[in-house]
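One chain, subunit A, appears in both complexes that follow, with subunit B as partner in the first and subunit C in the second.
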Partner chain A sequence: MSEQASALDAILARKQQTAGEVVSVDEALVKLVFFSLGEQWYAFHGENISEVLAESEVFFLPGCPASLEGVINVRGDIESVIRLRAVLGLPDSNGITGSRILLGQARAMRSGIRVDRVEEVIDVQESAIQPPPHTIPEHLRPIVLGIVSFREHLVHLLDLERIFEDYRAGLR
Partner chain B sequence: MAGDEALDVVSFTAGGYRFAVEARQIDHMLDHVPATVMAIEALLGQAPDGETGPRRRLQVGTHCIEVGEPVELRAVPAELIHALPALVAARTRLKGIRALVLEAGKPLLLVDLRAVLAQQAG
Partner chain C sequence: MALDIKRFTARFVEEAREHLVNLEAGLAALQQEPADQEVVNAIFRSAHTIKGSSRMLRLAPISDTAHRLEDLLGALREGTLTYSHALAQLLQSGIDAIAAQVDEVAQGRELAPPDEALCAALARPLTPDAETAKPAESVPVAAAAPGEIKFKAADSVRIPLEKLDELIKLMGEVVSSHARLRQRSRDIRAIERDLRAGSAGRGARVADFARELKDDVQAQEALMEELHGKALILRMLPLLMVFDPAPRMVRDLARSVGKEVECLVSGSEIELDRQLIDRLGDPIVHLLRNAVDHGIEAPDVRAKAGKPRHGRVSLSARQDDGGVIIEVRDDGAGLSLEAIRDKAVKKGLASAEQVALFTEAEVIDLIFLPGFSTSAIITDVSGRGVGMDVVKRCVVDELQGAIQVESKPGVGTTFTLRLPRSLAVMRMLLVAAGGQTFGFTAPHVSQLLRLPADQLLEVAERHAVLIRNEFVPVVSLAQMLSLPAQPAGADLLLVVVQTQSEKLALRVDDLIDERNMVIKPLPPHLAGLPLVAGMVMTGRNQLVSVLQAPALVGMARRGSAGSKQTTIPAASQVRVLVVDDSLNTREIEKDVLEAHGYHVTLAEDGLDGLAKARNGEFDAVLTDVEMPNMDGFALTAALRQEERYRDVPIIIITSRQKEEDQRRGIQVGADAYIVKGDFDQSRLIDTLKSLLG
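What follows is the complex of A and B.
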């Protein structure tokens, strides 16, 4: 009996939760590309990401910082590849397999961006993007546009244009 | 014909990596060792890597530049020559890098040696 009640409670709780998530069909949707670096999830605006590359050979170039992995040939176009972990000041990912390169574009700049995993590409409601909290690390503040709650993760939505500009200027 | 367009370059190695310079920038190759020689690695701002392979000397204006073997005169098809990606151009520590060539899976960096020498003199 108590088991039945418990199961019913769970069902009702789920129904209530679902009912609370009223979706406004009129609200603007924003495409986001979710990815992870270790346990932390991040996202870029979908309009800034043209491709997700799985197995591109990266050619090392001498004289570049460690955060600049090299260049790739994308159907005849040569693009740089930056390691987002290094750009964000995170330690190297030792032994992570299945990493991906996002091909990013912001204004006139294009580059590949190495990430650990691509989690999802999905439309979210614009209102789901909340302003960044004051608790995020200081070095991330200039490049975090907002926070999105997605699949039990608090996702940092990153400003790719600012990342590219800062990187080009040697600030990251 | 645009498809046949090519750039004559002299390619060489520096610090274990492949570089090239437009052939018209090179006056000739020297057989002897002059009193004053500049190592290409120092000129480009490359960290010395202890490479001890065979070297050749190129005369560029009044300067003698020592480069690593193999030294080759060759034509690079224009379609293989690419401008440096913006972030590479901004962040490379090497001097005078103008473009890159990807051929046979290996990058070849095109250098403007005369510009580097002029910058150094200025």
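What follows is the complex of A and C.
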């Protein structure tokens, strides 16, 4: 925790110099979709998320891996729903209300992604994305693109291309 | 014991009567305009639907009559038969017969067998044509580099303008139908206002509204169905795409291996959905290659066997029961069981002891195993590319079909593919199990059963049910899918699914629906899931998984193999020969006996049993009565003639309960007679034990 706090301090300090969330016209912007699993915040690149679905009924699919919640109907197309918690090795969140499904699109596949809460969809400056610190757990390292400080949260920016690629390889 | 399901009967009667009305109307229209192809098509479809749904409910007399009617209409449609007054009368009598049968069903009465004279009369117009209808050898296709044979998949379809116009006209209808619904919405608002104001005559207005709305919904439904049907037809392509290159390909292949082979093609005008046509090319090429390479003998060998030097491979298609049957037949030497056994052992697919015990059908099944190829050396023709395992996987898993092999030594081999016409819409049975809903495609459902729980037999720690002289394993669908069990009622509800040679009875909690449904594919990354073929959407917008029956059968078999290992006690020296023509029954009896430490050998009919008995030594023989080639009585009598089997216990296990049969069994020399209906494993084991002393 203290490690994380000091990392946060360092990033916040750096961030102070780059004008925080105030958009500067000179700098390239990237759209990020911020969401949370429990207390931890994460983000995907906006170009990988085609929509945020609310209140979609998820249907049972026999014989599917535990990390797959089931399937949903998105305007006539069948899409799977992946439990992101399971993919990241987190325990199930029991009885969280208002959870959402992000519709993720990568080169390897397209699928719904179950998250606890969608926090914000916003443009940030590219420079606000810092390289991941060494304190990141081993199993997350390959899929974390960087760290963004946002609303006093230390946000993990996740690599959806890589997550889906691994997921698809795991299904074969 | 086997009850057909009442709810489905009621729906069938309703549906059949509708189609009978269509048939009547169509026949009348034909009198005015005998060449009207659309009318012929429409009544053909009606006859066809009656046949299909009656077959599903095991109403054989109706499906038989409808089948003949359909054959006639099919010939009329294809132009091999021309309309005449006599034909119309014949068709009319067929329709009348079906109507009478449907009335019987509606009243809950048992159906009498179909009128033989009528069936014969219905079949007559088609018999003389059977020979002449076969087209002569097809004209070879121009330009295609030899050896480089590949069927082209179609990326686009040519659509006659008139079909497109029909579709657009229907879209116009949809718009006006929507306008009517908007009017209804205004009407109900007006009624609502009236209700609040308390004006007179409200009841009548509400009734009017309900009637109008019902009419609109019905019209909408008809419209939708028509639209759907028309849209699907746009995707249909003739088998010609796949069949046309076949004769040339076969001749080229034959030349390259020094054989003389001609290829006959028929039925290439039959249309299938593009999706199937696209994927049929590879399996058919492989089967043709296989026929030329392994099936047809070299000219000299043929001449020695007294056959024409010219071999013959035929590729034919015909319509059947909502689907299409494609046959690849050769007049070669037939499959060599010996070669297959050897190869399987050499490839490590089975042990020598195992294959020695396999029945003929089981040996033939070996060719579908991955990594199997009967060719001694890898030849240019069939030694590369797809194998038979790929053919089977493509037909069964991807195309929702079935593949069957028939082989007679010296006469030839026939591969039969049974395929649906379209994968997009299929007849679907929806059931509930473990609190979820699941779908089965009709071709995989063999029958539905409701029976009291005490009729379940317990064999080898598994449940089974006796269906027509055959033990079929029973498993709970919920349990198989690791779902919570629901409280069971007094009666068991069983869906019997069928693959080529095996049946499995799945216990379900409820039957929900049976209708044509659109199958939606799973996303590509889930295509590898073995259990689910796709999804269908119910009226309540629920997504329902369509289960792959072959995968379930495979899962049940593996499950039982796993449990068997734990129950086998120390090896025993007692060897038992089990003779039965049903695979399921053999397997179950084997399980029971092996669970009690017996060493079991299987035979699939009396002749097979006799041969195995002569070649081996057995301490006891268990046999069924009704079997092809040689029945159980004859087998028993024959064994008693053998020195070695004069005193060996022979137990007859049969569904024949009559006393005279029992007497006959004892007369021919059987030691015990067990009726399958009251079969329980301890009785079999006790009998065996006491006979063996």
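Throughout what follows, the second predicted complex is superposed on the first by the 145 of 172 C-alpha atoms of A that agree within 3 Å, B and C clash if a C-alpha of one lies under 4 Å from a C-alpha of the other, contacts with A are read in each partner's own complex, and residues count from 1 in each chain.
Going forward, a contact is a pair of C-beta atoms (placed from the backbone, for glycine too) under 8 Å apart; a residue touches a chain by one contact, two chains touch by 3 or more.
Since we're looking at a predicted model, the values are computed, not measured.
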For this session: Kindly say whether there is room for both subunit B and subunit C on subunit A in the superposition, answering fit or clash.
Result: clash
For this session: Kindly classify A:G63 by the partners it touches after superposition: subunit B alone (first), subunit C alone (second), both, or neither?
Result: both
For this session: Go through the superposed model and pick first if A:L171 touches only subunit B, second if only subunit C, both, or neither.
Result: second
For this session: Scan A:S111 for contacts with subunit B and subunit C and give back first, second, both or neither.
Result: both
Problem set entry | Touching partner for A:R151 - first (subunit B), second (subunit C), both, neither | neither
Exercise. Given the touch rule stated above, what does A:V71 touch, subunit B (first), subunit C (second), both, or neither?
Worked result: both
Exercise. Thinking only about the overlay and not a real complex, which stretch of subunit C clashes with subunit B: 59-67, 329-337, 491-499 or 671-679?
Worked result: 491-499
Seminar exercise, completed: The intersection of the subunit A residues contacting subunit B with those contacting subunit C is 57, 59-64, 68, 71, 73, 76-80, 108-111, 167-168
Exercise. What part of subunit B is in contact with subunit A in the complex they form?
Worked result: 15-17, 44-46, 79, 82-83, 85-88, 90-94, 97, 100, 102, 105-107, 109
Problem set entry | subunit A residues touching subunit C - in the complex, by the definition given at the top | 57, 59-64, 68, 71-73, 76-80, 108-111, 167-168, 171-172
Problem set entry | Residue numbers on subunit C that touch subunit A, as the complex places them | 436, 438, 481, 520-526, 528-532, 535, 537, 541-545, 547
For this session: Provide the residue numbers of subunit A that touch subunit B in the complex, in ascending order.
Result: 57, 59-65, 68, 70-71, 73, 76-80, 82, 108-111, 164, 167-170
